[in-house]
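In the two complexes that follow, chain A is the common piece, with chain B as its partner first and chain C second.
And then the complex of A and B:
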């Protein structure tokens, strides 16, 4: 029982960590939160569904397509919508991204089905569980967890090794100094929104075979990812991983040992407790400067 | 000639007051909903537009007002004359309670804390089944009015209208009072406000409490009007609706709140049959208003010759409420 709960917590936690990673990335670069992050993820999931299930393309092609589509959507949304309000105030950014979230949700509802239409994604590997001692492992869960960790590893490499990644880090650290050394800060903002969305796209495609796809999944995942990001510290990328896995495990344990309905609520309780007791989160520093 | 928002508003209320004499039940419902939306929007604008606190708990407080009022009636048989004020006070108490942690948080952290609180409240509505009857909701008996010849629907209509007028007038005078000015000062710069002797804690707590009171009254009226309460009326979509009302109407404007509530209701009813289209329309409206017309319809009203809404503002869009975060000059 315990090992099963821990493993399923780890799996959902790694998805939350991916969502949180995108949120933290945008927060570090721009000092704001993209409330449409979850719905961008949901759209990417439906995109992968269209490519893989409806058009019959291989899973990896669907993954690439969802990541690319999500990147493009993120870039367009940032360019058309957020760029104009980023310079004004936090209230405006939050409201504009919230507006986009509902546009995407409505679009998905109209395009891919009605409110209770849950689309299922075929499993990637054989569904039979593997028994190791008395531990029950679902191959699907292992694939998802490994995939999520791989995406995070790739992102960490991108951030550390490439010039663009370093420019993003510099902008997050100090936008004015970054501008002085010739980094185009506006472009970095745009890129942060797009890369954040691309990570969400990868997360959506990884997660889809485990869960069902439906238009409201976006906001649910956004809140979980936001909770994970806050728990880890909004400014810390490793914190996103720790926070995501912590939320996933706590949720699974609460659902297993208390009552299944506690699955949904434990993240909110975690958010409220974190914000009251330690608003900086586990690994967070002071808030970034807004450019 | 000076066009005073007060006279325009009272004329509109008067026009609404004769509606039951001529209208069919559907129009009566829409008119009734308008009063409730106006109360909601004015209350939310006090907190977000005037005090600059980006909270997401308004739909939940609306729900607490509705559940409080209706459950007192259903479980304990308390008459509406008592349960409606009790529901509103319960929402106020909860609003004050959530303002306590909120006083330590600003900007994004406040949005997140209140968002989590709203989702938690919704979860309680859904899962505390012995008391709240769960996801399916429950029926509320129709109120009976002591005046002969007044049906339940018409009585509720006039009650909602009277409260909407009263609460809007109260808000309009509040924002010019000492407390209102303190709220605006907090919005425009917490440090500066404090330096001027504004008590931050007290001002923010009052804004939260007042806004929650408005939401609670609106919730009680909603329960009376529909005769039915269910959790789905208080979810995030409704939160976004309320945000759309004040953004479309104009942050930091009482007249704007009223006009915005009307505009959103009009759109909501026009797209009643299509949930997906409703979401797209509201999302686009919210986004479009923020990007293209940050001052909302109030900005348009201001251009009417002679229109004078005496409200104090430096366009709130220009000042970040997250005053703790240093801002750099735009390039």
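And then the complex of A and C:
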């Protein structure tokens, strides 16, 4: 039973980690939490659904379309909605992202809400369960876990090896100093929101066969992803992965060994306990300064 | 002279006799010499439109048929629709508008339970006869409001039927997997009462959240308890996750759903694992699937009136409910009042419709008029089949 529960926690935690990665990326670059991240993910899922299921395009084209569409949506939202408020108070930024979340949810309800209550999305790989040793799992669960690892790896390289990545890091560390050395901080912020949304696009397309699609899915995923990001440390990409998997595993063990009614509460108890001992999360550093 | 006096007396007498009836007809809101205005509220937009607009389309198809045959006592039936968007506030506004502004004679409607419950007080206070066509929450019909009736199965009736079905199928070790939100509790509590009433104990009692993406712990615990039947008080999403994960472990108990999972074909797709729904049965409010020849006239009527629409079970909810209302309107007589309609509804006994699993019976003590659940099943890759009915008494 333990091995099954650990595997269950790992696969569910990978979903949380994929959401958390986007939240952490935006926080690292801008010092703000994008409360619309879950709903950007939901829109990306519906976009992939439209391309793959309704228009019959191949899965990988739908994936690319969802990533590109989300990137564009993130960029437009940052330019139109967040650019002005980023210079004001944190409360205004939070309200702006919450407002965007409601707009996206309403748009999804109007656009896709009439098709069905929960939309199914065909998996990238075969739907039948496979046996690995005595472990039974769905191939799509492996895809999600691999996707979370790949996204984390790609962005770790992006931050270390590319000029834009380094500029993002510099902006996050000290926006004023970054501005002094010629980095266009507003453009970096815009890029962070757009790239964060693109991660949501990739994540949504990978996880949609497991989570199904419906307009309210974004909030639940955001809550779990945010919890994973906080547990891992809001400034750490590996922390997002560790936090997501830790929450998934704690939930599975509590539900399996105590009772299923403990599943929801157990993760948050674990987060509270961790934050008492390590206020910056498991792998977090100091918070970024706001411009 | 004497003849004209006689005529005058006769006219006076006729006037005296007819005056109360005419006054009643004139005073009954929504009733004119040639029309009867019936109000309907439910979701016309948004995802809840299945339980609103589509059901109303079924009602309208019946009204069209009745009108083509001369109406009810010579009056055409006119349906006035209001959108409640499945929102409590909008439902209250919609019913107020229908009752006070549109001055309808009676109401037939109610899609989403939370919205209909919110509108209940307004409807009860106004005394307008109300026939619920889709909302299932017991709080709409219980405690009894004298002017509220329902042809929808209620959550208590469904829960009782689920346990009855498990026992009928010879299940010895019955487990429950449920959501514990307001929707789930409305089914869970009566189910537990039914377990106690029958002297049976569930071998496992597990919980899943509406947004769950994994049900491995629940599946492992149910398998450990060796449950041979699982009563599912779940929405399609957690239901699909549960059956998907059960299939992963090769655990295939008899899985008994309810009308929250009303479309086994869509559910099979949502589960996504071939063969995982092979032992899944669920409740339908109606005894026919849309492709059966028995409902061909309604299929033709719906498709003619709403081009692009295909007949759905939600249309049939409306067909059945409207047939009950029309029968009660007939029985209320040529000079209908709201009181007469309530009386007529209370007199409906074992009334057959073209939709529901059994006869409809309403009484002054119980406004839950439909107590027959229909069991449906979809063989993997095959059509949806009606496999039986259970009547709860």
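Operating definition for what follows: the second predicted complex is superposed on the first by the 265 of 291 C-alpha atoms of A that agree within 3 Å, B and C clash if a C-alpha of one lies under 4 Å from a C-alpha of the other, contacts with A are read in each partner's own complex, and residues count from 1 in each chain.
We adopt the following convention: a residue touches a chain if its C-beta (ideal position, glycine included) is under 8 Å from a C-beta of that chain, and two chains touch if they have at least 3 such contacts.
No experiment lies behind these values; they were computed from the predicted model shown.
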In the superposed model, does chain B or chain C contact more residues of chain A?
B
Considering only touches as defined above, state whether A:138 meets chain B (first), chain C (second), both or neither.
second
Looking at A:252 after the superposition, I want to know if it touches chain B, chain C, both of them or none. Which is it: first, second, both, neither?
second
Pick one for A:11: touches chain B only (first), chain C only (second), both, or neither.
second
Is A:212 touching the first partner chain B, the second partner chain C, both, or neither of them?
second
For A:261, decide between first (touching chain B), second (touching chain C), both and neither.
both
First, second, both or neither for A:102, with chain B first and chain C second
first
Partner chain(s) touched by A:55 [first = chain B, second = chain C, both, neither]
neither
Jot down the residues of chain A that show up as touching in both complexes, chain B in one and chain C in the other.
109-110, 261, 264
Complex interface listing, chain B residues touching chain A
48, 52, 54, 101, 104-105, 107-109, 111-113, 115-117, 119-120, 123, 126-127, 236-237, 240, 243-244, 247, 251, 274-288, 290-291, 294, 316-322, 324-328, 330-331
Mind listing the chain A positions that touch chain B in their complex?
27, 31-33, 81, 84-85, 87-92, 94-96, 98-110, 115, 175-176, 179, 185, 219, 223, 226-227, 230, 234, 261, 264-265, 267-269, 271-272, 275-276, 279, 287, 289-291
The residues of chain A that touch chain C in their complex are 1, 4-5, 7-8, 11-12, 15, 109-110, 113-114, 116-118, 120, 122-123, 127-129, 136-138, 207, 209-212, 214-217, 220, 248, 252, 255-256, 259-261, 263-264
With touch defined as at the start, can you tell me which chain C residues reach chain A in the complex?
45-47, 49-50, 180, 206-209, 211, 213-214, 216-218, 220-221, 224, 235-237, 240, 244, 247-250, 266, 269-270, 272-274
